[in-house]
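What follows is a short report on a single structure.
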Amino acid sequence: MKKIINQPEEVVNDMLEGFVYAHSDLIERIPETGVIIRKQETPHKVALISGGGSGHEPAHAGFVGAGMLSAAVCGPVFTSPTPDQILEAIQKADNGAGVFMVIKNYSGDVMNFDMAKELAEMEDIAVDFIIVDDDIAVEDSTYTAGKRGVAGTVFVHKILGAAAENGASLTEIKALAEKIVPNIKTLGVALSGATAPEVGKPGFTLAEDEIEFGVGIHGEPGYRREKIAPSKALAQEIVSKLKEAFQFKPDEHYGLLVNGLGSTPLMEQYIFTNDVGSLLAAEGLNVDFKKVGDFMTSIDMAGLSLTLIRLEENKWLDYLNVPTKTIAW
Amino acid sequence: MNVEAVKKWMILFTEKVNQNKAYLSELDRAIGDGDHGMNMARGTTEVMAALEAKNPATVADVFKLTGMTLVSKVGGASGPLYGSAFISMAKEAGTTDSLLAILQAGLNGIEKRGQAVPGEKTMIDTWQPVIKALAAGNLSEQTIADAVAHTKEIKATKGRASYLGERSIGHLDPGAVSSGYLFETMLEAGVTND
Amino acid sequence: MKKIINQPEEVVNDMLEGFVYAHSDLIERIPETGVIIRKQETPHKVALISGGGSGHEPAHAGFVGAGMLSAAVCGPVFTSPTPDQILEAIQKADNGAGVFMVIKNYSGDVMNFDMAKELAEMEDIAVDFIIVDDDIAVEDSTYTAGKRGVAGTVFVHKILGAAAENGASLTEIKALAEKIVPNIKTLGVALSGATAPEVGKPGFTLAEDEIEFGVGIHGEPGYRREKIAPSKALAQEIVSKLKEAFQFKPDEHYGLLVNGLGSTPLMEQYIFTNDVGSLLAAEGLNVDFKKVGDFMTSIDMAGLSLTLIRLEENKWLDYLNVPTKTIAW
Amino acid sequence: MNVEAVKKWMILFTEKVNQNKAYLSELDRAIGDGDHGMNMARGTTEVMAALEAKNPATVADVFKLTGMTLVSKVGGASGPLYGSAFISMAKEAGTTDSLLAILQAGLNGIEKRGQAVPGEKTMIDTWQPVIKALAAGNLSEQTIADAVAHTKEIKATKGRASYLGERSIGHLDPGAVSSGYLFETMLEAGVTND
């Protein structure tokens, strides 16, 4: 493991200190916690909070700011934050209009945020939440933990953040969340595993000519390993799976997010984007919104994911387009 | 139930977890994300510090402090699960002295929090057979070891390991192993039903 | 080499196509060229152009937009673009107020941009330029090619871009450029070499526990190889070299840019930023501007660089802070 | 000077560069950025296409088309340098038939464009000795090979290799090697002073 760090146990603290140092105009850290909170909160609006384990930078702290999150709760690397930390975020972010939590579907995140909600309700803070489960690599069934929450979560932050900034109530945000989440789907491909600093070795290893489709953002395994193929072929595989999941119909409107997993250069991300664009055009889809870059990473994993959102309402596109004052959107 | 025995239990459990920190993480690396040992070691070490600092007087208070500390220091899936177990055990210990009833309350806490049932390759697959054996009066190191070992054969349907589907078979569940330590040290500490 | 690409010879074209697909609201490509040009140019202002070999994404095309560049000329990977391509950019970007070129100090870039200038002048377009040589790893002397131009170039784009947007004349921009460039200095450290797709293997290789200080952004060698050390120690080495080059005096005002070289995750960049911040504070410096992320990369090189700009005038800070409409600033 | 011989020269040079594309890049990987073979192959191949398409009638026109094509297709350092060389040679060829004067004009073009002088480990260190030998009437494959080989001993002070300082010693300069091919094929094609 070759990393620019100090003590592996201190990576999250050191990183958050650097984050606050670099962005003190926009955000601050609640002392002694992993909570990053925006400096100027719009009064009387619903507070939107998110979080999870660290290692997904710029998520989630990079999305704290006007038009997106009110606060992000940063747990240890790949480990959900604890309910007391989430509670701190809820208490500080609440403006009296209630708090909405965006939770990625991982057992740990769901349980910890749920406990925090119970604690907050004991203090009469109105809390609601949505569980994002956009990763179509995993089969959904009532007998499993269900699909995982991955890069599509960033669209949820953006759209709900814009709605909250716009004055939507907690009930309205919940309703909007329940409408958009089923319309967001993601599939990723990894070229290498991620190395968590305290673990010191990659979560999985791939041969020099191997890739894996459908990996999660914590090194969870995917659905198929195979020989590396040209970008066009990777795009083909991923788009075809998304096509099946969405049941593409010509003339539908979509937004796309090509998301680097941590160590894949922009050059490759744009080449892949180009191939995806051709395939979506061939399906007769309108792609009204596009975003390319590192948004929800897996530390130093090489690879990328493609997220599509079906824009069932024009309003969603407006929400995606409205400017934010955040570090990473 | 003797409060000193319960404290000893927590001490022995912490030691066992810390001795096996790397092993637990290695098990988790195979079918999860490789942090279960780190999570449990961080949590139990904090429990030790909290118990020393506050020196709770009753069994219920020991369990409560343990549960609250685990909830606020472990994170991940195991934090809320072990935390909920101990908090439920604390509530039960306030009204009864029965180890069986207390452990059953703990299991209920886990099941409620994690929405899982026996047979899904989780810590529940240690807790449930242990409680059954305790009820039948034949809980031993062997019954615990058997329960833990059995998780190897199960296909995971909850927790991170469920993403592996069939490929989770053949691996021990890390949470089941750490729960095995919990019950082994319970026996060692002499915490018994009577 | 494991990369998400199609034909190695086509990477630049494919990437530019993806770039245009993703950002058609802001930029366009001059057909059959590697020139990315902004869609809405502010009338009657000096056009600012830059460019060089590709492989430094998001530089330079990511900085095309209101408040920064008018156009970016993208050559083959790590190879300067040709004068005719640069001429196209000059011709299209010119608004009648003249064209200012920001050139990184590499023999190839200097010669090709210089030839383009000669060609443009034959068409009566007023062209001036600045050569950026911020890399203090290389000794400057009249007997060498001089210091290289690296990540500090992004500060030049930002400051001159803001000045141009503000209506500064070609002469004023030239004067400003000559003032700021000597106040910008950069030093980098690599954890791995970069692999150009057509070359297929890394420009240099480092052992699993080795790093190299002072590498250039095309795999040019640095001044020292040594064992990997904690982030604090790397920051110490780099800050001490910058201290010497600037001759830090307490209470001076600086801006900083921590720049990822391509495959180094943000987690590490922020940890390093935190260590740099402590060292600069200990020197009694005021750091009024901070930027962290991938700005001038070297394909998939692991490592980062630290750029400091001494803010001799308040105006420079204002120029750094004014918002842009670009993809990557 | 014979226009057919000059065209043959360009064809042979293109072939030689393409045969040695990997070798030139490998030389550049050691002390530069590994693309000299790619750059020169791309450029000369385009020169071939341009010469075939336009079929220029005079020596000056062949040089001019070659120079313009190299300038607009090679990029990097070698594009403007070789381009300037051929464009200067074209100008000279318009007024004289002397190979010596023409090559000297080419060298002047390189020196002016690159601001370098002999002894800096660049292509100039092939051009200059070759021209000197031609003037002395003893240009041969051997004098060319010697000039190229000599760049091994020089410390680079211009171009990318200069960043290596002392470490550039012991490596051939890629541009000097490709210029070696230029003059070898000039001899092969029978382009001579008379």
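Letters A, B, C and D mark the chains in the order given here, with residues in each chain numbered from 1 onward.
As a convention for this text, a contact is a pair of C-beta atoms (placed from the backbone, for glycine too) under 8 Å apart; a residue touches a chain by one contact, two chains touch by 3 or more.
The structure presented is a predicted model; accordingly, all values stated were derived computationally and were not measured.
Listing every chain that touches subunit A and subunit D alike gives C. One inter-chain figure worth recording: subunit B and subunit D are separated by 76 Å, centre to centre, where each centre is the mean of the chain's CA atoms. One finds 54 Å separating the Cα centroids of subunit B and subunit C. Subunit A and subunit B have centres, each the mean of its CA atoms, that are 31 Å apart.
Distance between chain centres (mean CA atoms), subunit A to subunit C: 29 Å.
In subunit D, no residue reaches two or more other chains under the touch definition. Contact topology of the protein chains: linear, an open path with no closing contact. Every pair of chains in contact is given here: A-B, A-C, C-D.
Interface residues of subunit D, counted against subunit C in their complex, comprise 25, 29, 33-35, 38-39, 71-81, 83-84, 113-114, 157-160, 162-165, 167. By the touch criterion stated above, subunit A contacts subunit C in their complex at residues 2-6, 11, 14-19, 21-23, 54-55, 57-58, 62, 191-192, 208-209, 211, 228, 230-232, 234, 258, 262-275, 277, 290-292, 294, 297, 299-300, 302-304. On the subunit A side of its complex with subunit B, the touching residues are 53, 75-85, 106-108, 111-112, 114-115, 138, 143-145, 148, 196, 198-199, 203, 216, 218-221.
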